[in-house]
Every structure is written in C-alpha cells, then in structure tokens.
Amino acid sequence: MKDRLKLVVFLTVIAFIIQATVAFAQSEGETADSVISEQPVTPPPKPVIVSGEDIPNDNGHKLKLNWEYPAEWNDSIVRFEIYRADSPDGDFRRLGEAAGGIFSYLDIGSKKKDDPNYMPNDQNLYYRVDAVSKSGVTVQSEIGGPFQTSGQWFHKGKVPVLIGVVLFAIFTIYFIRSARKGKDLYIRPLAGIEAVDEAIGRATEMGKPILYVLGIGGASDIATIASFTILGRVAKKVAEYQTALTVPCYDPIVMSVAQDVVRSAYLEAGRPDQYSDDLVFFVTNAQFAYVAGINGIMVRDLPATNFYLGYFAAESLILAETGNSIGAIQIAGTDQITQIPFFVVACDYTLIGEELYAASAYLGRDPLLLGALKAEDWGKAIAMVLIIVGVLATAFGWDAFREFLRVNL
Amino acid sequence: MNIFEKMVGLDRRWVFLFLFVVVTGAYFFRNSFSVNVTTTREVRSIYDFVENLDPGSKILISFDYDPSSLAELHPMSRAILMQCFRKGVRVIGVTLSQYGAGMVEEAFRKFGSEADSLYNTHVEYGKDYCFIGYRPYPGFVILGMGENFRIFFPRDYYDTPLDDLPIMQGVRNYDDIEGVIAITSGTTADMWVIYGNARYNMPLALGVTGVMATDYYPYLGNAIFGLIGGWKGAAEYEKLIGEKDAATAGMPAQVAAHLTIVLFILIGNIGFLLSRRSKKTGN
Amino acid sequence: MKRRVPLAMVFIVSLFMVIQYFVPLDSLAWMYQYLLDWTIIIGVFALLLGIWSLWHVSYGKIKQRAENWQYSIVTLAGLFIMIISGFIPGWGNLNNYVYEHLFYYVLVPIQATMFSLLAFFISSAAFRAFRARSILASLLLFAGLVIMLRFVPMGPVSTVVADLAGWILRVPNMAAKRAIIIGIGLGAMATAFKIMFGIERSYLGRD
C-alpha cells in the first residue's frame, strides 16, 4: 500500500514538473507581432467574392460566404455589408455586416417560406458584398454565385457518438442475454444499500418516522430515476413494518411519480389502506426554501432515519448536518461529485456516483438490470483503452486516430 | 477527558459562534485592511473574451440564480455587465430561475445607469441590452433557444415582440451571437454544459458560487472557456475591469472565514495527534 | 395493457430523440420543437398538481389541528400573498410596490440566510473531516489547506500557494472528476437504454 502511495506521489510530482515545463515553453514561444499599415489615399478597391460554402451536417439554410480584400486596406474599411438575392438581377436584401478585416460571413437563413429571410435549399443564391470605408465611400463587389445550400440525411461529425452508442447497445444486449441464460454476474456489495433494512428497522424500534428526500432533480434526471427504485424498496419495507414515512418533494412531476411508486409499494406489501397521498407531498421548487422546509420537518418530527438519494447541490451539507445533529441514521447517494464529500462527512453511508444507478440492479437482482450493469463495466474498460491510446496518439502525433474520434458538432 | 480530547471533540456550536464573530468583525472593519487579489487564467479568459469583442457584438448572459445566492453572484453579474456596457457589447439577458425575473430587471436598470454615470455611456433598452424574461424548465429552454429564441420567448419581459427590438434583429439562435455567459447557482450550470454547449457548440463560460466552482474545472478548455467562482472570482473580475466593488469589499470577510476554518482544522489535528500520542504512551 | 401503452410511448419517443440527434432534417427539427413545447405544457400543469398537494397537506394539518399546525398557516399565507401580489391586474411585470417589497425585503434576506448557513456547516464539517488519520487523509488535509489558503494574502508565498492551488484544481482534481464523470456518463447511458427498452420501469410504479 505504502509503495503504491509513493508511486502515486512520485507520478504526481513528475506530472507537475512536466506540465510546468510545457507551460513555460509555451509562454516563451508566444510572440506578439503587430503590423502597422499605412493609410492609403486612393479609393478603396472592390471586394471579390471567392466562394459560398454550404455548411455540412445540417438541415441546410446556412451558407458561409468568403471574399478577398487587399490586406493593406484593412485599416481603411469600417465594415462589409452582405446582400443576397434569388437571381443576379433580383432584389438584393441586406443580411448583415462583417467588421473590416473579416472576410467571411455566415448567412443563416430561415426555413419558413413566409419569413423575409427565407433561404431555400437546392436553389441558386446570389450574393453581393459592399465595402464601406472610413470616409463613407461604399464600393460594391461583382455579383457572386450561384451558390446552393442543402440539407443532409446524416450528421457525419457525430459518427464516433453513433459508434459508441451502437457498441454500448451491443454490449447491453449481449450481457442481458447471458444473464437470462443463467450466467452468474457478480456485483460487489454496496454498504449503503445493505444498510437500508437495518435503518428502517431502527426507526421502527424507536417508533420514529423515516424521511426520504429525492433531491432537487427533475423526473428525467438519472439520479432521480435511480432514487425512485430505492424509494419503492424502502416504502415496501416501511409498509411491512408499519413505520411512518415522509417524502417531501421539490418537483411536482417527481412528486406525482413518487406517489405512484409509494402507492404501488404499499399495495405490494398488502397495506394499501395505510397509504395516503399526503405521505408524498410537494414543498416548493425553490432550492433553499425546500431545505428550510425539510430542516423544519427534521427538527420537529425527529426522524430516526434519513435517506438523501438523488440529485443534490449546495443544500446537501445543510440537510446532512441538520440530520446529523438530531442523531438520525443517514444514507445518502448522489451523482453530483462535489456533494459527495459533504455526504461522506455527515452521513453514515454514501452511494458514490454510479453506485446510485447500480442500486436498482443490486436491489432487484433482476438479470436484465445486472446485464446492463455489466455492459457499463465493459464501456469503462473501452474508455480506459481509448484514453491510453489517445495519450499515445497525441504524444506520437498519430493525428488520424484523434481525427477519427473527434466529434464535430 | 483531557484537553487534547476536548480539542478533538469540540462542540460545533463553538465553531459556529467563533466564525460568526470573526466574519462579522472582518466585515465591519473591512476598510482597515485590503486583500491583494491575484487573477487566475479561468477568470481572465472571460474578461479577454468580452474585451476582444467588437462594439456592437452580441452575447447572451443567463442570470440563473435566486435571492439565496444574490450576495455571491450579483457582484460578478455587475462586473461583466459594466465591462459590456463600457465596451459597447450588446447583452441579451435571460433568467432560468423562477425568482430571477425581478432581480435581473432591476440589475439591468441599476448597472445600466451606473455605467452611464461612470463611463458616460447612454445604455439604452432594446439597443444595447434587452431582457427576454423567465421560462420554467431550464433544460428545455436552453434547447429551445438553440433552435430559436422566439420558441419560448416570442416577447420580451416587457411584452414587446422580440422582432421589434433592434438588438434582436437577425438574432435567431446561438449561431447569431458571440457566446453565452451563464451566471448560475444551481443545476442549470450542468444544463448549459450538456444541453447548450454539447448540443449547439456555442462558446460558453460559467459564473458559479464558490462551493460549485470545483465541479466545473473538468469542463475548462473544452465545454467552457472560462469560469468565475464565487466572490473570489468576482473580485478578480473587478480587478480586471479596474473597478473595486462589493466582491472586493467582501474579500476581508472571506479571508477571515477561511483563516478561521484553517485554524479549527489545525486545532482538531493537533488535538488528534497529541491525544493519540498520549494514548500510546499510556498517559 | 396498462403498462404496454406507456412503455411503447417511451420507446417511440426515445427512439425519435436518438434519431433526431443524428439526422438534421427540417421535419425532425420541427417535431423536436413540438415535443419541447409539450414538455413545458406538461410542466405547467404539474406545477398546479404541486400547489394542490401543498394546499391539501397544509389545510389538512390546520383542519385536524395536527402538531405544529400553525406553521401550515404561515405556509399557505406565504403562497397566496405572493401569488396575489404578482397577479394583481395593472401592476404588470412583477414591478409593483407590494411584490417588489416582499421580494427584496422578505424573500431575499430569508433565502440568503439559508444559503449562508452553508458557511457554518462547512466549517464544522471541515473541522471534523480533515484529520491526519492516515497518509491518504493527510494528503487530503494538505490539499484542502492549500485550496483554502489561496484566498489568504501571505506576501510572496501567495503566488506559490495560488499556483499550487490552481494546479491541484486543474490537474489531479480535474483528472479524478473526469474519471467519475466518464463512469456517470456510461451509467446514465445504460439507464437511458434500460428505460428505452422497458427494463427499468420503477418510474411507472411497481408491477
């Protein structure tokens, strides 16, 4: 252990030195050149439109216009004005302007036919660029074009994402099928989840309620979805033990889903009569007002067990410290990295990041869920390999590899 | 229980009381000592971004915080707005916090008139800045603005159609502005990274509370080009624009608070080490 | 049937969302905007559900004179006063006298107070957590102290501390967090697949 630690410290120091050296070298390499051009006195020349490029990987209606202009005139030109028409002798409409010294303009047209800025795909477009000098002289370019824009069926810049998604889907399906066939998939014990039953039992013995906080995430947050699963399990036990449960919610949609989850759990435990919609209620969706509300519940009702599972932000420590001060057993879990240390300090058990997502698989032991969990591990293994190859590719200048993996949005 | 064990198990209320006294004292005597603020590259990159924009360029500033973090985040909002107004950079304001609307409206009015008196500008609504208001469900609003601002904001906060505002002429979505600075205290920072930058690839910078700042360092240099964290970051920005205000004034209190925490950590550790030694020696 | 219809809807909508991410066609962009509009509409109606829930729980407590029922009166009074002051016709844009005063002189101080509690809790948590129990804990303690001391002016030492703190944040902190983010990203993708294919259905209540 100590050897490993020494190695980590050694590598960290080496990394620091390398980074400092690179930063120093970069700062040495930076030079500030400035060119002061002389102000010409002759009338400004015409801009020359050189190209109109359709922007790739979009639904069309977008074109990058490029023109050329003598560099010695940069300081004399205030702006370039850009115009577009459907035909060379058509009505040219002013689109916008570019500052002097800039020789391209991104024309983003509308896809709606009734919009004055309508820019049809697959039809000829003509442009004109006017240079306006400091003295107010305007010089028009020759008409540029025809240019065309077109929409694409597939965003080629997202190929690496597609490959990643497909690979991950294949892993997921493969492991789900293996799990279904009865292959034993190991999942390491999660102390936080193992302690759930003990925590509920303690509250029952003490005759005190259990507080379950779903955090400040919405129903579409993965952490909240994971929390619903654990809530179902907790609610079922609570119903069996006939202990009181309080679930104050931050988001009304989360509240509706949580009511459904708890109601189903009470039904499953054979105690539907004990369920009431008032167990799961809305407090507010103002972050600190929500904290004040929950802290109020804690100091008044003195719950024996507090669960904080879901998406948490700055309120995590305020909740956990208040819970700690009333002597409750606390089990927390979030995928918000910054909040994890706060929970670790003030709670008895903390589920860190993915452990929260894994909880549903761990609780249910459902082969389908376990299979998906195994796919995640393989995904991580591939990510590790790619990182190492990526570092080597950068170090040895294998640009092709890096370009292949680059996502161009 | 010996003195060392007492140091280890010090009641938290003593910590609270001491911190309260020290912070209050430092705040009241803030003019007696000044704090030299060193600027960091993550703050400077936002300053440079605005500074390098041409007059008339447009940026979106999203004020996604509520009164709870007003004290911490308002100074950075002020500093950025003052720089924009001074430079002639036009600002489209929006809030994704339900309590933000009134606060942001007041901030624009107040900082606009401050800029007028300080820099002799004539900050005008609709031309130099506009405030398009608040809509719920920030993730969807961020996605919607990436398509067209008019999906969720057909009219501004004062009920004027967006197309009637000179600043919004030709502004359809993020493609038509130079970048986004999101000053945020909650979950919206993640949403700007995930739904804003990852999807629409616009230049994005974040201003966040001190406690959130470390969360966003991993995104620096790829998803976000700059980061302002809490009062310290705001004080850096104030230093960069050459105008000391609330954040700089608050630095003595913040320094005192940090020193207090460091002091208690040291007390705890000294007590811990000495009590362990006394246990080992059997005393 | 009760399950199949929602699960089929989830599958179709999530498949559409995946496809529209890769296919930049006008028709899909229109559909995508349409779905975004829908989410807002659903959200607004859900808020009414939330208000109903708050009213129901608080009113129930008052009616039954449950323990601490007086607090429920304050809750409901706060709810209605803010709604009424924001809605009064002619006052417009929430810039009316009553709303502004309630906002700046009640809401702002109350919320700022709640947030400022964090400073006290962080100090007591730091006092308990940062102990040199082992070599790893000592490293954590050292890193924590450096990050905190970067705020403190200490003459020429300040630059060294600031550089070291910056390096800790940008290099080891960033590396560790990126590693956790990759794990969380994969976990999120796995959960998305599970929801899409109906494997994870806890959000529908139990079977």
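Think of it as A, B and C in the order they're written, each chain with its own count starting at 1.
Just so we're on the same page, a residue touches a chain if its C-beta (ideal position, glycine included) is under 8 Å from a C-beta of that chain, and two chains touch if they have at least 3 such contacts.
Just so we're clear, the structure is a prediction, and the values are computed from it rather than from any experiment.
Judged by the touch criterion defined above, the protein chains are all mutually in contact, each touching every other. Of all chains, the one whose Cα centroid sits at the greatest distance from that of subunit A is B.
Subunit B and subunit C have Cα centroids lying 17 Å from one another. Subunit A and subunit C have Cα centroids separated by 14 Å. One simple way to say how far apart two chains are is to compare their mean CA positions; for subunit A and subunit B this gives 20 Å. Multi-chain contact residues of subunit C (touching two or more other chains) are listed as 29, 43, 47, 110-111, 114-115, 118, 122, 124, 128, 177, 181.
For subunit B, the set of residues touching two or more other chains reads 12, 66, 68, 99, 137, 211, 214-215.
Multi-chain contact residues of subunit A (touching two or more other chains) are listed as 285-286, 288, 314, 337. Only residues 12, 54, 66, 68, 98-99, 137, 139, 170, 172, 175-176, 185-187, 198-201, 209, 211-212, 214-215 of subunit B touch subunit A when the two sit together in their complex. Residues of subunit A that touch subunit B in their complex: 62, 95-96, 99, 106, 108, 110, 117, 216-218, 220, 285-288, 311, 313-314, 325, 336-338, 409.
The residues of subunit C lying in touch with subunit B in their complex are 29, 32-33, 36-37, 39-40, 43-44, 47, 93-95, 99-100, 103, 107-108, 110-112, 114-116, 118-120, 122-124, 126-128, 130-133, 141, 144-145, 148-149, 151-153, 158-159, 162, 166, 169-170, 173-174, 177-178, 181. Listed in rising order, the residues of subunit C touching subunit A in the complex are 18, 21-26, 29, 42-43, 46-51, 53-54, 56-57, 60, 67-68, 71, 110-111, 114-115, 117-118, 121-122, 124-125, 128-129, 135-136, 139, 167, 171-172, 177, 180-184, 186-195, 199-200, 202-206. Partner subunit C is touched in their complex by these residues of subunit B: 10, 12, 15-16, 19-20, 23, 35-36, 38, 40-41, 66-72, 99, 101-103, 105, 135-137, 140, 143-144, 147, 151-152, 157-159, 211, 214-215, 217-218, 220, 232, 251, 254-255, 257-262, 264-265, 267-269, 272-273.
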